[in-house]
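Consider the two complexes below, in which subunit A is the common component and subunit B and subunit C are the respective partners.
Right after this comes the complex of A and B.
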């Protein structure tokens, strides 16, 4: 099998797009691995890097290549007008501003969001434009300003709560779980809570354990809330707008290291679907499910994989609660192999839930156990070298795909 | 920390500056030349013995230099007699050379506003609002209704007909009088001991019973425990079991009212125990900073389940905390309906007219148990409970007042009580018989529209019920 792969790899061009046609047929035979049914194994980082692929953690440099999609992909941005270029945080800001223009009940509250413009500048200049009652600086009490937003939402406003870092929203867990997610239900549908809770999370660059939290794992169980994760300027703006317009409480997960990604997005208005996954790269051999920053690691690994003759299908799941099992299911039915790449900790992470959901629903279509690459169950260490190996790196992804496709 | 001397003392400043180098900024790095160590240390500095250790000469010399500044400023003060101020982020503050700690408690406890004495007679010099006969009689009617509802529903729980109940015994005046002084547009964020507010606003006895029985007619759709009432129509936000979370909600809602420019305020109720939470602290702080039109009403009834206030806080009750946050506050007699009415009316005017929060502490007593899950005789003396229940009953006190005005009689009393009693028993009987909500209601209202996973889960549940009908209540068998 390996020999065939090598041969194919040598003859086909080194392009990131899907160039296999007839050659594809050879890999479509179903082969099941000998690993026991129902198990999924984790490939842990061994800390060694593949010399050819420097682990460039400056994601901004990778973007333009890694995000490259085919012309007929679901992201219509490249197919239409030229549009305008901006960074991800500016895209969030643009989406926010458009919604605030459109609906006067939309407001923002959080620490330093007003005249300071937000710690990641997502609300820059908005206080000057809309006044400091609509872009409200709050004292440091996350539980309480989340509570405030819930009260305001029940009274007719549409607040957006910014957690300076997602990790701080752990202090707001009581309000989010017991009130935000619940009050629409316990009031018999009388009071709705259309809040958006957003902020940067994920592992940054040596921010220490407390500032490297991945809260999507903790929040995913709360009934009544929706969770989405943005990863590109295009989907950041679209998801922000969709979240604001949603009648349900939505938690929008941003990533600290993705704020400076640049992309060209359409000039015309667009709103994305909160419950839809994004097809980043169609393929045939394996379905790689990922979200947020790991999308870029996956795409980087995809380049290597293509060179080695694989054809991975990469899906950015975007909707963390509920999962878009329609898109995911179609992909699984096509490729029969699933690799989940996430930044969450292993235990109780999004990957764990996704693995269960796929196993339950698409078990018959799987040729191999689902593989889930996650961070280890450790607090994120500060030292750069240590921190790097707690996050899934492209080399591991490549190795996992190779093992999965044997 | 920057010193900004007022203009009047420019001369002195220049004079000193010439002598001592840059006096203006006590930023230790700015001291250009060392000062001799021969000056004696003033006695009124806080930690004189931390200075002058030989091995930390540089540090000590800086400290010493600041003593010198202080000393010279002291001498300045003697010349200019307390015009010296510290212009600090946050405003100007006068200095004092007297080291004085603020006492942990005031010499005398903050006085408690009351209008009616124990015999229901108005005290002299009371600047209370005049209440007309109609309002007063309605207030009394509702207080009696509340009392009867509490006792009958409590009994229903004891009989096993409802699972839980929580009474407002002893706090009827707080419930009804505060509601009476508000408008229907004012938003209520209750804790759980304020059913009377909802009663005043028009929630019917049947609706109360429906919620307690969690039946199909409950507008909460049977999703919450008894006494967790909520009614959008009456601007009464659904009770949540979490303590004091509603306080932050009230501030947020007040912020929404302010943004909309509405002629309304929010009112939130909580107990003495709730004031210990983080939400209470931050909500008061926020409300003050944001100048939100919210009335914080603390029902200080002496007990948080079994915790007496002496174990809850050591401040002089809750009223003194208002000033700590920059919130105007008042203490009222919680068993005096007229005092509460006046205070709320005034607070409402301030909250809306001046766009500011107001804190009202009503001193009262929880004459009943915390709830049906509690037996308070286990932690407090029975005679204390009885004394408050009888001698300090707010309902009978108010009754004496309306009787003395000729607005009430024994016949009216008898009629009221028997009528309400009948209605309550009827309401319970009806509520008990109404069906429980349909299975579909487990899955609705989690989101605006049920998502795929919930639809799937509902289908699974229905299949299970169909396969094992004997394990489920009969009314689950029907399609809806």
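Right after this comes the complex of A and C.
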């Protein structure tokens, strides 16, 4: 069950990632994660801190106007070490391992996470290091092992539940909705459920309808949970750590096709803010909001758009619940046009909620109706040509921007 | 086909129940606060074991314990009956599932364990909450939706919790609490606490798949989980023989040992829970089936008489009532007089009435409470407050 990423189509869509590795370091976070304890570095774009945490030494070397499609690799001279390169699943594992080292109450449970090492290798070798109880191989019983993790979390443990594929967690929907999301409220604040539910979802390479589901649209209404989607090794590690440290239940959406992305990430410890969006490429003409795999389709379209003379601003929203309306709002105020590119279904997806949220909050700043490109409302077909048409392709993004900017 | 009406066999084994205790030791009149003398009493029915040796029928108890049982059960009984009236007076709304008739399970279990052991149950949770140390005022406040309730009025009848004494609720969805209970046991094993978790469920929930999934995992990893089936023979309106091919719930664990207990006998429950705790700490999960009965219907919207006869209900009340059993024990052992017991009941009634009066006067939750406790405050959700009602996005 290795990640299927080396197909030709994938590499072309992702080639643009290498060009803005180093830039990402600077635009990731505007605020610190104010967890009461711990001493960690948070990457800042503006150098301001709230006074409690050590200042980021790199703040002085901002490059504010990086056009990310340039193939330059001016790895800016940072005072810190150059960092290390790794793949996204390794970044997730690194984050997980660091948190398990730091806090003995962090444990992992899921199918084949232990001896097998995880179906996407995220938990490889962890069982040897931490033992079978901390990296627990469960039987195929999503409903009950999710329930077990939540019960354990009620007593103070911090379990990470891995769904081998997010679609399987539909079986655990009751536990996630009622017990995970609502228990803090219905117990009047007595119980905290600091679980992390993570797993790969999204449309892969011809995996079939049941293994290509996008569960973020189903979970988004559950009160009491937070949802984040990672898209690069850098934010994968940062979001994993933030999710584990959060006292709220967090669902971390990974994507089947992104596990083998390579990037250079800092050697120092860093934690990202769960509720913050990431500015991928600043621009002036149109705001493109996206997350997870569609980020790469958008960046590929951005290359074409730049050649045609447009200047799109690309924001990876990362936080699916709650939306980072601050970043998004600032962008809307600047560009006045919004295009949402997502992998969810048209009906009831994240894009639909985001459209409503932006219309509600920033209506006065919009010069054109919000355009939302989503996947078709069909079960994902097996045939490759059909599957390609199910999800949004870069050509459609280019066409939509052109129409929006008329 | 099991569609023919089967006569109730709920009364048959127990007609001689009460009298089996009299041959035991007779003591001269002793003060009810006496904790040191031991009385040995035989349970009404022997235990039946599945893949384990059942414990002995002789239970050791003390006068103090018996008096506590009586007082606690009387309080629980009184509380549930008062809740019935409050519901009919529309002060309690929604769902209200009453526990009267099953009190012996709650008090017997408490007598065998500590507050560090965990209990988790479904929605028939008022009395378990009391047993775990909750107060009448908190109960009634929560039932009436006041802010002084145990869940600040936001949970309701089905969501009573008491974290500091190991009571994990209070769950509305049938069967969902059993995996949670196994999770509690997992955490206990992880932290090497030497404590156990009791996950209570009913005969209706016994047919849920997640129960067997959780049981499999508990047995696989030797978790100190004790699954207690409070078999009151009816899953809402469906009798057990119409819902389960095998209503021997203590055997349904197959490879997991089980014990069938007379759930109307608080001493038998105590003995079984003590046995189960020792077993779970050494050998992993065990199933206890408590043979019990509820006098009320499934909930307040169920009259309780369309699927069973009134004769059956009154028969059980006469022959097997848990409070009466303890009363007879106390009287036969001359631990208190008839009048003293009546006085206790009067006191309890007064306590309950006072708690109700106080709860009626207490305030409703503040409207701002709608948005509190959705997320844990201060942990990474400050950008806007994770529920955006608190802080709207403000552009610079």
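We take it that the second predicted complex is superposed on the first by the 325 of 406 C-alpha atoms of A that agree within 3 Å, B and C clash if a C-alpha of one lies under 4 Å from a C-alpha of the other, contacts with A are read in each partner's own complex, and residues count from 1 in each chain.
The rule is short, and it goes like this: contacts are C-beta pairs under 8 Å (C-beta built on N, C-alpha and C of every residue); 3 or more make two chains touch, one makes a residue touch a chain.
Because the structure is predicted, anything quoted here is derived from the model rather than measured.
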Which superposed partner A:276 touches (first subunit B, second subunit C, both, neither): second
Partner, of subunit C and subunit B, that touches more residues belonging to subunit A: C
Partner chain in contact with A:150 - subunit B first, subunit C second, else both or neither: both
Touched partner set for A:192, first subunit B, second subunit C, both or neither: both
Subunit B versus subunit C as contact partner of A:138, first or second or both or neither: both
First (subunit B), second (subunit C), both or neither touched by A:330: second
Touching partner for A:301 - first (subunit B), second (subunit C), both, neither: neither
Shared subunit A surface residues [contacts with subunit B and with subunit C]: 107, 133-134, 136, 138-139, 141, 143-157, 174-175, 178-179, 183-192, 223-224, 226, 246-248, 275, 322, 325
Residue ranges of subunit A in contact with subunit B within the complex: 107, 133-134, 136, 138-139, 141, 143-157, 159, 174-175, 178-179, 182-192, 223-224, 226, 246-248, 275, 322-323, 325
Subunit B residues touching subunit A - in the complex, by the definition given at the top: 187, 189, 218-221, 223-224, 228, 230-232, 237-238, 240-242, 245-260, 266, 278-279, 281-283, 285-286, 289-290, 444-448, 451-453
Interface residues, subunit C side, partner subunit A - complex: 118, 120, 149-156, 159, 161-163, 168-173, 176, 178-184, 186-191, 209-210, 213-214, 216-217, 220-221, 372-376, 378-384, 386-388, 392-396
In the complex, subunit A residues that touch subunit C: 31, 33-36, 107, 133-134, 136, 138-139, 141, 143-157, 174-175, 178-179, 183-192, 223-224, 226, 242, 245-248, 273-276, 322, 324-326, 329-330, 333, 361
